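Order as written gives the chain letters A, B and C; numbering starts at 1 within each chain.
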C-alpha cells in the first residue's frame, strides 16, 4: 500500500466528521449571521448589537463576570500550584487527583451542589440564620456572585494545572542560588519564581477567560433569569425566539470579542524581553 | 576449502533527497566472518546496515544474501537477526516470550520452542530470567536477551547496530568479550556497526572503515592499524602525532622529512613513493615514542624539548612535550625505572623509523 | 520538617471547595424531608425510590449511556486512525490536519452546538440520534487524537523494526507490538470520550428532540423549574457512575498525565 493511500485512508474518517459537523456548519452559520428577515445579505444583526445598549450591557456583564472568575481562579489557584510544586511526588498526586476528579463530573451536578450550599434555604443561609447572624437569607446566587462562584469552581483546575506546569519547569536550584546571593524568601518569590511562572499564568488566565466568556450552563443555573450573559441570549434567540440569524451573529460577536480581548492581553503582557526569555 | 560468500554488496549507492550518504560500497562477507563497519556518526555505516536489514532500499547497486538478490525484499522475509542499540525488547512480553516470538512466527512446535528458548538462554548465560519482564533486567542483561532473541531463529546473518553503546564502560568490555565468545561458539556470520575503534579492533575478522559515505579501507585489524590506507583511517583509529613537513630525500630504504618545526624525521619504506620537495604529514603514535633524560644532539628521529603536562592514568602516563615548535603526545609505560615526570624539565624524545608513517598532504 | 504553610492551607481550602458540591449532594439525597435542605433531615431512601416514578430520567439515563458508549467507540476509532497517520508519516499538510483535529477544542461548545443545529436542520438530522452522535464524536475526537499522539511520541519505533527482523509482517507487528503498547493511551481516550459525551450539556442542548433527551440535559431542564431532593438522588447516582470511570482512568493512565495534556493545548 502506498504511503499516500495509507494517509488518505487513515485521515479520511476524521476529516469527514470535521468537515460535516464542524467546518461546513460553521461556514453556514457565518453566512446566516449576515442575513436579514428576507434572507438577503445584510449587516443588520451586527449593527443591531452595536446600536442597542441592551446588548452592549450584556457583553460588558459577560466580560465582567469572566474577569472576576479569572481573578478568583488566579488568587486561589496560584497557591495551590505552589503547594503542588513544593510537595513530594505522592502528595502532589493526591492533590492533582482531588482537584481534577470533580472536573470529570457534569457541570450540571456541580452547580446543583452549589445550589444546596448557596440557595435561599441552603447550608450557608440556614447556618447563619440559626446562629442569629442574619435575619433574612442572603442572596448568594441568582446573581453575578453565584455565577462567579460556579465558574470559579468549574475552571480553577485549568488555572492550577497551567501554573503548576510552568512551576515544575523551574530549576529548583535557582531559588537556592537566589538565597545564597542573599535574597529573602519573599524577594526570591517576586524576582525568580513569579517571573518564571509567567507563561503558566498567561496560559491559565487566557484559558479561564475564554471558557468563562462562553459558559452557558452555569450562568443559566446559578444566575437564573436575572443574570443574562451572551451565551444565554444567543441560546434564547436560537431556541425560543427562533431568530437564527441574530442568534448566529450574537455567537460570533461573543467569539470575536473574546479573541480580540485575549489578543490584546497577550500583546500587552508578552513584551520583547518575555519573548526572548521564553522563546522555544 | 572454497570460500562461501554470505553477503555481497555490489556498487551500493544510497541518497536521501540529493544527498548521497553511501557510495560505491563493494564488500564480500564470507560465511562465519565477523565484519565491522567503523566510522564517525554520519559516515553511512548505519544506513548501509539498514539496507542489509531491509529497512532501506539501495538507489543503485545490488545486495545479495546467501546468493539471493535482496533488493526490494522486506525485512520480515530476509531471515536475519538484528540487535539494536536500545535493546528493543518488547516491554509487554516476558523474556521467554520475547525470545520465543520469532519461533512463534515460524510456527515452531511448543515442545521444540521451549527447548530452543531454554538452550539459547543458557548460551547467553541467563537461564534464570525467563519469566521476568525486560524492565526488571539490567542493561547488560537486556542486551544479552536481545542477542538471544536474534540468535534463536538461527539467522543466516546477525546484524549488530552499536549494541554496546548504551552500556557503561565496564559492562561494555564484559559484553564485548561475550560477543567474541558467542561468535567463536556458533560462528554465525556477523556485521557489527560501531563508532568505537577498540570494539572493532578486538572483535573483527575484518573492518570496513567508512567516512562521508565512502569506504576508506577494508582490512584486518592489523592492516587497518599498521598499514592505514589514508590519513583518516590512521587518525580515526587511535591517538597519533601529526607533523607537517617537506620530503628531503627518498631512497631504497625509506625517506627523510624535515618538519615545519625543524625536526629531521627518518621513515622506513612507505606503501607509496614520494618525490623530494613534496609536502607530507608525518605520523608517530604516542606509545611509540620513548622519553629519555636531558637534551640530545640534533639527530634523526630525535627531538629535545620540555615536558609540559603529565597525566598519570594508571597503566601509563600521558605526557605532552613541546619539542621544536611541535606539541608531541607521548605515552610512557610506568615500569618503575623511569625518570620523574616533573613538568618543566627537559626531555629527549626518540622513535624508530619503522614506526613512522608518511602521508601526502592534500591540497584543497 | 513537614509544616503546613500558607500554600498548604489555601490548597486545603480549594480542594474542599471543588469537592463541596459532592459532599453536600450525597447527604442531602438521603433526606426524609419533602424539600431540599442541608444538613438533611433524618434518613430515608425515598428520593431514590422516587426516581423510579419518573420514567423520563430512567429513559434519558439509558439514552445517555448508549450515546456515550457509541460515541466513545466511534471517536476512539476515528481519532486513533488519524493520530497514526500524523505520527507515522511526515507529509505536507500534516500540521494543518493536526490543528484541524484539535480545533473543536478551541471553539466554544455553544457555537459548535448552534452551527450543528443549523446545518443538521438543512440535511434533516437535527433532533436525531445520528446528529447527536456525530456532534458528540466531533468534540471527543481531539482528546483521543492528543492522547494517542502522546502515546505514539514516546513509542520506540525500533520495537517495530525488531518485530520485522524477527519475521513479522506489518499487520502482525501492529497487532503484537504497537497496539498492546498503546493500549493505555487508546483506552483512556475511550473513557475520556465516554465522559465527555455523558457529561455534555451545551452541545446536546441544541440537538436533542423534545421526547428523547440526555440525562444531564434532563436534570438541567428539571432544575430550572423545580429544586427538590430528587435532583440530589439522581445526581448521586451519576456521581457514583462517574467515579467508577474516574478510578478506571486513574488506573489505566493517571489523571495527572491526562490533564497535563489538557492545559498545554490552549
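In this text, a residue touches a chain if its C-beta (ideal position, glycine included) is under 8 Å from a C-beta of that chain, and two chains touch if they have at least 3 such contacts.
None of these values were measured; they are calculated from a predicted model.
J.: Go through the assembly and pull out the chains touching chain A as well as chain B.
T.: Chains touching both chain A and chain B: C.
J.: Please indicate the chain closest to the centre of the assembly, with centres calculated from CA atoms only.
T.: Most central by this criterion: C.
J.: Which pair wins on C-beta contacts, A-C or B-C?
T.: A-C
J.: Could you please state the distance in Å, as a whole number, between where the Cα atoms of chain A are centred and where those of chain B are centred?
T.: Taking the mean C-alpha position of each chain, the two centres sit 60 Å apart.
J.: Compute the distance, rounded to whole Å, between the mean C-alpha positions of chain A and chain C.
T.: Each chain reduced to its C-alpha mean, chain A and chain C end up 18 Å apart.
J.: Calculate how many whole Å lie between the centre of chain B and the centre of chain C, each centre taken as the average of the chain's C-alpha atoms.
T.: 56
J.: Can you list the chain A residues touching chain C in their complex?
T.: Against chain C, the touching part of chain A is residues 3-4, 6-7, 9-11, 13-15, 17-18, 20-22, 24-26, 28-29, 32, 76-77, 79-80, 82-84, 86, 92-93, 95-117, 119, 121-123, 126, 153, 156-158, 160-162, 165, 203-204, 206-207, 210, 213-214, 216-217, 220-221, 231, 234-235, 238-239, 244, 247-248, 251-252, 254-255.
J.: Okay, in this complex, where on chain B does chain C touch?
T.: That would be residues 53-55, 74-82, 84, 86, 88-92, 101-102, 105-106, 149-150, 153, 159 of chain B.
J.: Quick one: which bits of chain C touch chain B in the complex? Just the residue numbers, please.
T.: Going by the criterion above, the answer is residues 156, 158-159, 161-170, 172, 176-177, 180-181.
J.: Spell out the part of chain C that touches chain A in their complex, as residue ranges.
T.: 6-8, 10-11, 13-15, 17-25, 28, 35-39, 77-79, 81-82, 84-86, 89, 91, 97, 100-101, 103-104, 107-112, 114-120, 122, 134-135, 137-138, 141, 145, 195, 198-199, 201-202, 205-206, 216, 219-220, 223-224, 227, 231-232, 235, 238-239, 242-243, 245-246, 249-250, 255-256, 258-260, 262-264, 266
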